[in-house]
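Each structure below is given as structure tokens.
After this come two complexes, each holding chain A, first together with chain B and then together with chain C.
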Partner chain A sequence: MAILDKLKDGVQRELEGLEFVIGWEQGYDPLHASPLFIRTPGDIDRLIWNPLCVHNLASYLPSLKGRRVGILLKGCDSRSVIQLLQEGLIKREEIVIFGIPCRGVVDLSKIKSRIDTSQMRAVSLMDDAVVIEIPQGREEIPLDDVLATKCLSCQYPTPLIYDHLAGEVLPPQRPTEVLYKEVEVIEELDVQDRLAHWERELDRCIRCYACRNACPLCVCQDYCAAESRNPRWLSQRAGVSEKVMWHIMHALHLAGRCTDCGECERACPMDIPIQRIRRKINKEIKELFGYEAGVNPEDTPPLYTFKVEEPTIQEREW
Partner chain B sequence: MPGMEGTELRIIGFLCNWCSYGGADTAGVSRFKQPTDLRIIRVPCSGRVDPLLVVKAFMEGADGVLVSGCHPRDCHYSEGNFYARRRLEVLKRFLPFMGIEPGRFEYTWVSASEGARWQKVVTDFTDQVHALGPRRNFGEGNGGGDIR
Partner chain C sequence: MVSREARFLATDNIPALLRRLGNTYRVFAPVKVSDTIVLFQEFAESAGLALDEQTTLPPKELLFPQTEGLVSYRYRKDAEDLEKSEVQVEETLEAPPTIIFGVRPCDARGLTVFDAVFTDGQWRDPYYKARREATTIVTVLCTQPESTCFCTSVGGSPTGIEGSDIILTIVTGGYVAEPVTEKGETLLQDEAFTPAGDKAGEAGEAREKVSVERELELDGIAEQLLDIFGTDFWEQVTAKCISCAACTYVCPTCFCFTITDDTTGIEGSRIRTWDSCMFYLYTLEASGHNPRPTKTERYRNRIGHKFSYHPTSYEGMFGCSGCGRCIKVCPASLDIRQVLREAKAHG
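Take a look at the complex of A and B:
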């Protein structure tokens, strides 16, 4: 049985005890999926599953605490749920998880940088390629060329937590070495060039906070420090330093919590490569504390705890 | 906020009330000569120092930032500096990635009796920041190359 049929079957059986189940449906054009809230058995037919199902649906969960809901999760999305459980932001008994072994999802901006999709007529997805029909003809793009960056180093294709798994457990198939490649490219620059790089990239930021709103772990909502007037962390000044301040704030509030789901970068309307800021912190956290967020619900995030002797921290001697 | 003289840089120090602020006071009372670039902000504990305070200082144009608290195990609140150590270490490794030179941010521990140590810390840190010179902040002037 195909993954989608298994999902539909599972949702059908569980739906009665749940307020709704969150999945994906076809969006406003052939290239976009959009989140679907399945409330009645009639909605189940609209459910889809393919590499266009990019959204991390776990972002909805913190605001649904106290309600019984079902949710479809890819491997990477399941790490967000584990992190939310770890921090007590959601309750395990309130959610039913339909896990999906996933071979990767596309990065729409990678597709758009290759072809003009404004006139496209249809999109079909094959095992290893995306075929897009545009007025000039058929364009076939190898799937690996347009997969999201996180998928190229994916170590958790199968969800780490689920009630029902649609399909077989999928072992990791991607190399680990490439995980920090983007980070290393910046680390190799000298400091002044790094500053210039971020100045250029982050200057495009329009401070729309889409990165925050899409982030499954940004749970403060109306109490976000970015909008607090006292203390006033950010001003209305339009300069790039305010933008940098915001991105550092977002990244540091995710230190030891970020599960590298990439929603921030995907949601960014200006295509700013902000995921690598979080990846850099993840890299340091892993090196310092041997910790990876969103893997075990029993763990404590490393910055919420301490050791009296820190073997990995070399303090400066004066 | 220009410096007192052309040669002075803007260095911000976050000092915990119980140890390092006392240490700086001890150094003062003992009349140890110290550089005057450091502007001290007294905080209840190094654990109070949100890494964003350091970032904010840099974004507002600081040339260097120093955080100093009680020695580990000596925290007035038992464990504030243990948390601070983890946060500040992550921050220290992260700032250079964004383009802030590694030498511009340090954290350390100075107790209230260590006037001489305070003098050494503040002198060394100030020298270190002076060696780097004034910092070009984001959006000031034109930068260098890029990865593209």
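Take a look at the complex of A and C:
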């Protein structure tokens, strides 16, 4: 049975005991999927599963605490759920997870930077290519060229937590070395150039907070320090220093919690490569604490605990 | 529009024109700042013009900046009586003469929504008004509507002139320029504009050919939205919304703002910054009560304002010009057109 049929079948069987199941449906054009809230058996037909299913649906879970819901998760999405469980922000028994062994999702910005999709007519998704029909003709793009960057180094294509798995366990297919490639380019810059780089990128931020609201781990939401007027941590001014500060705040609050799902960057209307800031912090956390967020529900995130001696940090000479 | 006043602007003459205008005005035009982002930026020849795609953000920032100083202030203690202090307040209003080149009809029309609220009604906003008066809008009419465009559904047109001072129609080798206002007429005196001759006819034909299907039937939507105000429609339709302000901040007609004081020591400035009805703080009251506690009430307000309350207050004018940007940027791909269709069909 194909993955989609298995998913539909599973949802059909579980739906009765749940308020709804969150999946994806076709969006407003052939290139966009959109989250789908399946409330009745009739909604199940709208479910889709393909490389356009980019959204990390786990972002909806914290606000649904206390309600029984089902959710479809890719490998990377499942790490957000594990991290949320570790932090006590959601309850395992309230959630039914339909896991999907995943071969990758596209980055729509990568597609849009290659072709003008504003008058696109149709899209076909093949195993290794995306074919887009535009008025000028057919454009075939190799899938690997437009996969989300996270997918090119994916180590967890199969969800790490699930109740039902739609298919066979899929072992990792991708190299690990490329994970920090973009981060390393920025690390090469000296401090002044690094600041200049980020000021240039972040200058076009419009403080719309799509990155924050799309993030499964940004659970403060309405009470975010960046907006709070009392206490007033940050001016509401949209100057570059406030924007840089906002992003430092955002990223630091995710230290040791970010699972690299990339929703922040995907959500950004200004296509600012902000996932890199989090990746850099993830890299530091890995080097300092040997910790990777959202892989083991039994773990305690490093900044949630205190050890007199951190095995990886040498504080004294002797 | 009087076509005998039409002039021709050769594509090759545009850089020189904008350079010359740059001596008297601040000149903004669309520039590709990255592979996928086009923004209005101060014209620099080296940057090149990106006139053939919709800008990522509308030009509203130039008339209604995301941050604008309203007044600056400074406290002073009275040396004789330390109990007393006085505050000196100074208005800060900057409205240099500005030209925005390469606007689209939907964005120009979006400004007419601002005009109705900020300059034409009971309350006048001196800041917006001064900038609007100092700005000349040069619009390039559309030839290739995008799949997200729905200007015709909300009363606009890909060849519409509302809100513009000059309209440019693409013809062979350049543009036919026609003045819409006095301000526009003044600009057309520049030597870059030559007699249009036959091109005027070509422009007329080109405009005839452009069309955007009217995909929404919005008759009666204002009443319908009130009728379904208390239904569960809103919770269902907003389930996928993440309550960010991407839609608000890319919108050419959203004009909400907040006012805060930035004080350092004894001085500071009172600033006005963009705000969004999708934010919790937007309606949070001093008592702690929030009449719009969740995204459901907030999104209902967004739609209600644009398609019911605004047209009711402003002679039927929607708070939407159909540019489609909110559809493109929504992280959840929530489509405002679909919401309106479903709202009409509900109940």
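One rule holds in what follows: the second predicted complex is superposed on the first by the 312 of 318 C-alpha atoms of A that agree within 3 Å, B and C clash if a C-alpha of one lies under 4 Å from a C-alpha of the other, contacts with A are read in each partner's own complex, and residues count from 1 in each chain.
Convention: a residue touches a chain if its C-beta (ideal position, glycine included) is under 8 Å from a C-beta of that chain, and two chains touch if they have at least 3 such contacts.
Remember, it's a predicted structure, so these values are computed and weren't measured experimentally.
Novice: Putting chain B and chain C onto chain A via the overlay, clash or fit?
Specialist: Fit.
Novice: Output check: A:310 vs chain B and chain C. Expected answer is one of first, second, both, neither. What do you get?
Specialist: first
Novice: Just to be sure I read the superposition right, which of the two partners does A:154 touch: chain B = first, chain C = second, or both, or neither?
Specialist: Neither chain B nor chain C is touched by A:154.
Novice: Just checking: does A:252 make contact with chain B only, chain C only, both, or neither of them? Give me first, second, both or neither.
Specialist: first
Novice: Determine, under the contact definition given at the top, whether A:271 touches first (chain B), second (chain C), both, or neither.
Specialist: Once the two structures are laid over each other on A, A:271 reaches chain C alone.
Novice: Return first, second, both or neither, reflecting whether A:239 touches chain B, chain C, both chains, or no partner chain.
Specialist: Both partners, chain B and chain C.
Novice: Who does A:210 touch here: chain B (first), chain C (second), both, or neither?
Specialist: second
Novice: Should A:123 be classified as contacting the first partner (chain B), the second (chain C), both, or neither?
Specialist: The answer is neither, since A:123 touches no partner chain.
Novice: Have a look at where A:132 lands relative to chain B and chain C in the superposition and call it first, second, both or neither.
Specialist: Neither: A:132 stays clear of chain B and chain C.
Novice: By how many Å are the closest C-alpha atoms of chain B and chain C apart after the superposition?
Specialist: Nearest C-alpha atoms of the two chains are 9 Å apart.
Novice: Let me check the overlay on chain A: which residues of chain A are in contact with chain B and also with chain C?
Specialist: Of chain A, residues 239 contact chain B in one complex and chain C in the other.
Novice: Considering the complex alone, what residue numbers of chain A touch chain B?
Specialist: Listed in rising order, the residues of chain A that touch chain B are 183, 185-187, 189-200, 202-203, 225, 233, 239-242, 244-245, 248-249, 251-252, 255-256, 277, 280-281, 284-285, 288-289, 302-303, 306-308, 310, 313, 315-316, 318.
Novice: Can you name the residues of chain A that touch chain C in the complex?
Specialist: My answer: residues 20, 27-29, 32-37, 39, 55, 59-60, 109, 112-113, 116, 118-120, 204, 206-210, 212-214, 221-223, 227, 229, 232, 235-239, 263, 266-267, 269-271.
Novice: Which part of chain C faces chain A closely enough to touch in the complex?
Specialist: 33-37, 39, 53-54, 56-57, 66-67, 144, 146-148, 236, 239-240, 242-246, 248-250, 258, 260, 262, 271, 273-274, 276, 279-281, 327, 329, 331-335, 337-338
Novice: Spell out the part of chain B that touches chain A in their complex, as residue ranges.
Specialist: Going by the criterion above, the answer is residues 51-52, 55-56, 59, 72-73, 79, 82-83, 85-87, 89-91, 93-94, 96-102, 106, 108-109, 117, 120-121, 124, 136-139, 142-147.
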